[in-house]
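Next, two complexes with subunit A in common: one pairs it with subunit B, the other with subunit C.
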Partner chain A sequence: MDLVQLAVGKTLSSSAVFLMLTVLLLAAARRVSTGIILFALQSAIITAQVMATAYTEKSAEAWVVAAMVFALKVVAIPSALLWLVERLKAPRAIQPSFSSAKGVFVAALMIFLSYAAVQPYARQSTVPEDNLAAAVALILTGAFLMVSQRKAIMQIVGLLVLENGIFLAALATTFGMPLVIEIGVFFDLLMGILIMGVFAFRIRDTFEHLDVTKLRRLRG
Partner chain B sequence: MMLLLPLLIPIVGAAVLLGFGANGLARRLAVLVGGVEIVAILRMVLAVYSSGPLQFGRYLRVDGLSAFFLLNVALISSLALAYSLDYLRHTEGERFSSARWFYALLFFFMFTMVGVCLSSNLGLLWIMMEATTLASALLVGFYNTRGAVEAGWKYLIVCTVGIAFALFGTIVLYLAAIKSGLPPNVALDWTALMEAAPRLGSGTALLKLAFVFVVVGYGTKVGFVPMHSWLPDAHAEAPSPISALLSGVLLNCALYTLLRYDAVISRATGTNFSHTLLLVFGVLSLVTAGLLIVVQRDLKRLLAYSSIEHMGIVAIGVGLGGGLGLYGALLHTFNHSLGKTLLFFVAGNVRQNFGTLRMDRIGGLARAMPKTALALSLGSLAIVGLPPFSLFVSEFAILSEAFSQSRVLVATLFLATLSVVFGGMLHHLFGMFFRESKQPPVAPYMALSEAVPIALAAAGLVWFGVHIPAGFKSLIDGAMAVL
Partner chain C sequence: MTSLIHFVQALMIVLGAPLLRGIVGKMKARLQGRQGASVWRPYADLGKLFRKEDLVPPLASPVFRAAPRIVFCTTTVATLLIPVFHPAALLGGAGDFVLFVSMLALARFFLVLGAMYGGGAFGGMGGSREALVSALAEAPFLLGLTSVAILARSTQLSGIVAWTLRQNFFDVSAVHILAFSTLAMVAIAETGRIPVDNPTTHLELTMVHEAMVLEHSGPSLAFLEWANAVKLGLVMSLLVGLFFPWGMAAEPSLLAMGLAVAAFLAKMLALAVVLAVVESSIAKMRMYAVPDYLGVATATGALAVVFTVFGGR
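Our next item is the complex of A and B:
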C-alpha cells in the first residue's frame, strides 16, 4: 500500500479523536497562552484533515483552503493573540468560574451529547459519524468557553474554537463551501480578530483590567 | 457595472478619508462621497423599478425585494449623514474617535449594508452580514467611555456568536441542496434555490434544522427576544446618527436575510414551519419589549426597546403571511425606520442640551425647547401607532390579517401590548415635558443640519400615513412578487 494513502487514511480516521482531546485540554486550561496554543494545535489537526480530503477528492481548491487554514489559524492568529497577551500584560492565569476538573467533566458531557445529537443525521447520510460529532463538540465547547471564561482573550479563543467547529462541520458534510465563500469567511474572521484586539486594548485602558465579568454597568 | 458602483464608492471614499483627509476636511469629503453613493443607489433602485432585476457576475443581483430595502438604506443613510455634520463638531481628534474615522467607518458600514442587499449568494450574504457587525462595532464604541467600550464589546461578541449559528444553518441548507442534486457551485445561489425549491423537499428535516439555526443567528441581529441583549446597549451608547442607522437600516437588513431564507424554506418544505417560527419570535419580542419599555429610565434605551417591539411586529406580519400580512410587514419596516430615525435624532438633540438622557433628570422640555418637544411628541405619537401617521396604516394591515385568519391570541396580545406601550410612552413624555427641571438648558440649540432631517422624517411619516404614493406601492408589490 502506498505510504501517502496510508497517512491520508489514518488522518481521516483518527483526527476526530485528537480533536476531542484538544477539547478536553481546552476545558482544563488554566493559562490564556495554553488556550491559544491548544487552539493552534487544533487548527493544525484540521489542516491535516483538509489536506487529506484534498488528496482523496483530488480537489485543487481544497489545497488552497488547507494553505489558508495553516497560514491563518495555525500561524497568524495564534501569534497575534500571544503578542496581544504579552502587550496587555494581563495576568496569565485565568480564573474561570469553573475548576479544571468540572470543566473537563462538562466537556466530556458535551462530547457525549454531540454523539447523541448527530446520530439521526449520520445514519441518514454517508457522513462519518466521528467527524460530525467532533464538529458539534467543538461548537459546544467554544460556546462553553465563551460563557465560562472571564478574560476577554479567552472569549476570543472560545469564538475561534466555535468557528473551527463550524468549518469542520462544512468539511465533514460537503467537503467545504465554495472557495470564494471560504475566502470571504476567513477574511471576516481576520478582521474580527483585529477589531476584538482593538477592543481588548480599550477595555484595558478604560477599565484597567481584562475581566469581562466586571463589565456590568449596562443591564436590563 | 451599475451594481458595482454603490459597492466601490464607499470603499474608495473610506480609503481616501483614512489616507488623505484631515479632520477638518473630513466633513466636506463625507458629504461629497455620501451624496454620490446615494445617487448611485437610487439610480439602481430606479433601474430595477422600471426594467426588472439586474445581475452582475455570479454573486451580485438586485430584484424587487432588494430594491425596496436599498431605498431604505439610501434614505436613512442620507438623513443620518446630514444630521451627523453638526452633531460631530465636539469630537476631538483622538484615533478611532475622530471625525475622519467616524466617516470612514460609516462608509464601511454603508458598504456592508448595500452588500447585504446585493448578494445573490447566501454565502456572500453571510459574509456581508458579519461585516456589518465588524464595521459598526467601532462606531458603537466611538465615544470610548466605559459604557461605550462595554456596549461595543458585548455587541461584537453576542452578534458574532449569533451569526456563527447562521453560518452553520447556511451550511446545513447547502448540504440539503447538494443532496437534492444541485451542483455545488450554484447550491447557495438564491435564485437557483428558489427554482429548485420543490425538489429540495426530500430533505425536510435538514431544511427545518437549517432554518432554526438561521433564525437564531440572523434573529440575533434583528434583535428578537431572547437574543436581544446586545441591542439596547449598542443603541444607547452609540452616537445618535449611528443609533438611527442601527435601528433604521441594520435591523431591516437582518430581517431582509430572514425573508430570503423564509421564502426558500417555506416553498421547499411546503409547510408553515418557517412562518410559525417567525410568528413565535415576533410575538415573544413584541410582548417582552413592550413590557420593558414601561420601566426604562434612559431615553435611548427606551427607543431601543421600542425597536425590538417593532421588529416583533414586522416578524408577526411575515409570519402571518397572506397578502396583507406581508404588505404590512414590508411597509412597517420602512415606516419604523422613518419614525425611529426621527426619534434618535431628537434624543441626540436632547442629550446635547441637557447633557443626559436619564429621563428623570430631564424636565420642562415643553417650555425650554419647544421645537425639540414638538418633534419628540410627533415622533412618539407616530411610533405608538396613532393615525394619521404611517405606522398606523402598516400596523392596521397586519392586525386585519391576524383577524381575517382568526388568530385571536396573536391579535389580542398585539393590541394589549400596543396599549401598554402607548401608556408607557405617554407617561415618560409627560414627565419630560412638564416636570420642573433642576437644570434647564441655558440656550437651547438645534443646528439647521439637525432640524432639516428631523423635519423631513416627520413629513414622511405624515405623508405616508395619509396617502401612499402609487410608485411606492408598486415598489412594495414588486418586492412581494419576489417572495
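Our next item is the complex of A and C:
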C-alpha cells in the first residue's frame, strides 16, 4: 500500500517532465511512425496520471476515463494510424519544412513560453504548475506540428497532441471533466480520426501523395 | 590514503579501457549473431602494435609523431579529473568541468593536427570532419554540464557528483532528464560511436576517426587507439557518475570501496549493453545530418539550463 502511495505521488510529480520530453522528441521526429509511437507514449503517460488522480480522489468515474484513454489513445488510434501509414504506402520520411534542430528549438521555446504564461495563474491557486505548463506546452506544440508538417498524417498527430493538451489542462485544473462530456469528447475524437483517415485516402487517390503543400494548386 | 584511491580510480579507467572496448565489441558481435573476438583482444592488439616499427610518411613533419603521444597524455590527464567510485578526484580540487572539456578538446586538436600533418588526403578529410563534429558538440557538452553544475552549486565534477549522491533517486527533475539526454547525445558524438561515426568502418568515404589514424602505424597507432578507448571509458564513467552515482563510496573504508567498485563495474556493464544494442539497431547517419543531430542536443542543453532557473524543482 505504501508502495502504491509512493508510485502515485511520483507519477503526479514527475509525469510533466516526461510529457515535455515527448514534446521535444515529437518536434525532432523524422518519420511518421516515430511520431505515432511518441503520441502513444504520451497518451500512456497521461493514462498513468489519470489513474494517479483517480487513486487520490477516489473517484470511480476517473477510472473509467483512464480505461477509455488507454483503450482509445494508447491502443486504438495509434494502431489505426500505423495501419493507415502501412496501407497508404507513403514514403516514411516526414520532410518537414524545418530541420529537427530548429523544431526542437521551437518546442523548447514553447515550453519556456508555457511556463511564463502559466506562472501567474499557478501562483494564485493550488494547481500544480508543472502539469499546467506541460498541458499548455502540448497545446502549443500540437498546433505547431499542424502548421509546420507537410504530411497529412503528421498533421493528424498534431491535432491529437493538441487534444491531449486540452485533456491534460482539464485534468490539472479540475481533476477532469464530468464523465458524460468526457465520453462525448472521446467519441468526437474517434469520429474525427475516422473522417481524417478516409480523407487521407482520398487525398492519396486524387493526388498520389500526401504532401499538403501541393494541394494549393487547382486541378483544371 | 585518499590520494592513493584517486590514483587507483584513474588507473582503472586507463588500464580497463581496452577491456571495455573488447566487451562492447563482443556484445555487438553476439547481438548480430556472430561469435566475436575475445574481450581481451584489444590488449593483444596494443601489445602487437607497441612491438612494431613506427613508420612515418616521407612528407610528414615532426608533429605527426608527437601528436599521438600528446593525445594519449591529455586524455589521461582528463581521467584524473573525474570521480569514478569515490566522489572526489586527484585533480578535483584544482580543475572544474571546463578544464575537463578543454582537455578533451586539446586531445582532439592534436588528433586533427596529426591527421593533417600525415600528408595523406584521407587524414585531412577525416580531420576536417572531426573538427566540424567537435566544434558543434562542444556547446551542448558545456551546456549540459553547466545545468547540473548550477543545480549542485559547484563547478567541480567531484562536487557535482557528491551533491547528486546526496539526492534521492526518485526525485526526477526536468533538469536532470534534459541534461542526461543532452550529454548522452554528445557522448556518442564525442566518442565517435555509430549514429555519428562508425568505429569499425573500412569505407573511406564514411570514416571520421578511422581516416585520421590511417597514416599512423606501430606505437603511434597504439597510443591513438588506446587514447580512443580511454575516452570511451572516460565519457561513459562521466555519465554514470553524474546521473547514476548511487553506490559510490562515501567514506574511504576498504569494504565501502570494494562495494563501490563492484557497483561501478555493474553500471558500466549495463551502459555497455545499452551502447551495443543502440549501435546494432540503428544505422549511421549521413555526415550532413550530424549538425542537425547536435543542434537537437544544443536545444535540449539550452532548455536544461533555462529549467535550472524556471520550472526545475
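One rule holds for everything that comes next: the second predicted complex is superposed on the first by the 216 of 220 C-alpha atoms of A that agree within 3 Å, B and C clash if a C-alpha of one lies under 4 Å from a C-alpha of the other, contacts with A are read in each partner's own complex, and residues count from 1 in each chain.
The rule is short, and it goes like this: contacts are C-beta pairs under 8 Å (C-beta built on N, C-alpha and C of every residue); 3 or more make two chains touch, one makes a residue touch a chain.
Fair warning: this is a prediction, and the values are worked out from it, not measured in the lab.
Chemist: Give one word, clash or fit, describing how subunit B and subunit C relate on subunit A after superposing.
Modeler: fit
Chemist: With both complexes superposed on chain A, which partner does A:89 reach: first (subunit B), second (subunit C), both or neither?
Modeler: neither
Chemist: In the overlay, work out which of subunit B or subunit C sits against more residues of subunit A.
Modeler: After superposition, B is the partner touching more of subunit A.
Chemist: Applying the touch criterion given at the start, work out whether A:202 contacts subunit B, subunit C, both or neither, answering first, second, both or neither.
Modeler: After superposing on A, A:202 lies in contact with subunit B but is clear of subunit C.
Chemist: So, A:10: does it touch subunit B (first), subunit C (second), both, or neither?
Modeler: It touches subunit C, and subunit B stays clear.
Chemist: With the two complexes superposed on chain A, say which partner A:133 touches: subunit B (first), subunit C (second), both, or neither.
Modeler: So A:133 only meets subunit C here.
Chemist: So in the superposed three-chain picture, is A:28 touching just subunit B, just subunit C, both, or none of them (first/second/both/neither)?
Modeler: second
Chemist: From the overlay on chain A, compute the angle at subunit A's CA centre subtended by subunit B and subunit C, rounding to the nearest 10 degrees.
Modeler: Given the fit on chain A C-alpha atoms, the answer is 150 degrees.
Chemist: Does subunit B (first) or subunit C (second) touch A:58, or do both, or does neither?
Modeler: In the superposed model, A:58 contacts neither subunit B nor subunit C.
Chemist: Per the contact definition in the header, classify A:105: touching subunit B only (first), subunit C only (second), both, or neither.
Modeler: second
Chemist: For A:123, using the defined touch cut-off, is the partner it touches subunit B, subunit C, both, or neither? Pick first, second, both or neither.
Modeler: In the superposition, A:123 contacts neither subunit B nor subunit C.
Chemist: Compute the least Cα distance separating subunit B from subunit C in the superposition and give it as a whole number of Å.
Modeler: Comparing every C-alpha of subunit B with every C-alpha of subunit C, the smallest gap is 23 Å.
Chemist: Write out the stretch or stretches of subunit C touching subunit A in their complex.
Modeler: Interface residues on the subunit C side: 170, 172-174, 177-178, 181, 291-296, 298-300, 302-303, 306, 310-311, 313.
Chemist: Subunit C touches which residues of subunit A in the complex?
Modeler: 6, 10, 13-14, 16-18, 20-21, 24, 28, 99-102, 104-105, 107-108, 111-112, 115, 129-130, 133
Chemist: Subunit A touches which residues of subunit B in the complex?
Modeler: 59, 96, 121, 123-124, 126-127, 130-131, 134, 137-138, 141, 144-147, 149-154, 156-157, 160-161, 164, 167-168, 171, 174-175, 178-179, 184-185, 188, 205-206, 232-233, 236-237, 292, 295, 301
Chemist: With touch defined as at the start, can you tell me which subunit A residues reach subunit B in the complex?
Modeler: For this pair, the touching residues of subunit A are 120-121, 124-125, 139, 143, 146, 152, 155, 159, 162-163, 166, 169-170, 173-174, 177-178, 180-181, 184-185, 187-188, 191-192, 195-196, 198-199, 202-203, 206-207, 212, 215, 217-218, 220.
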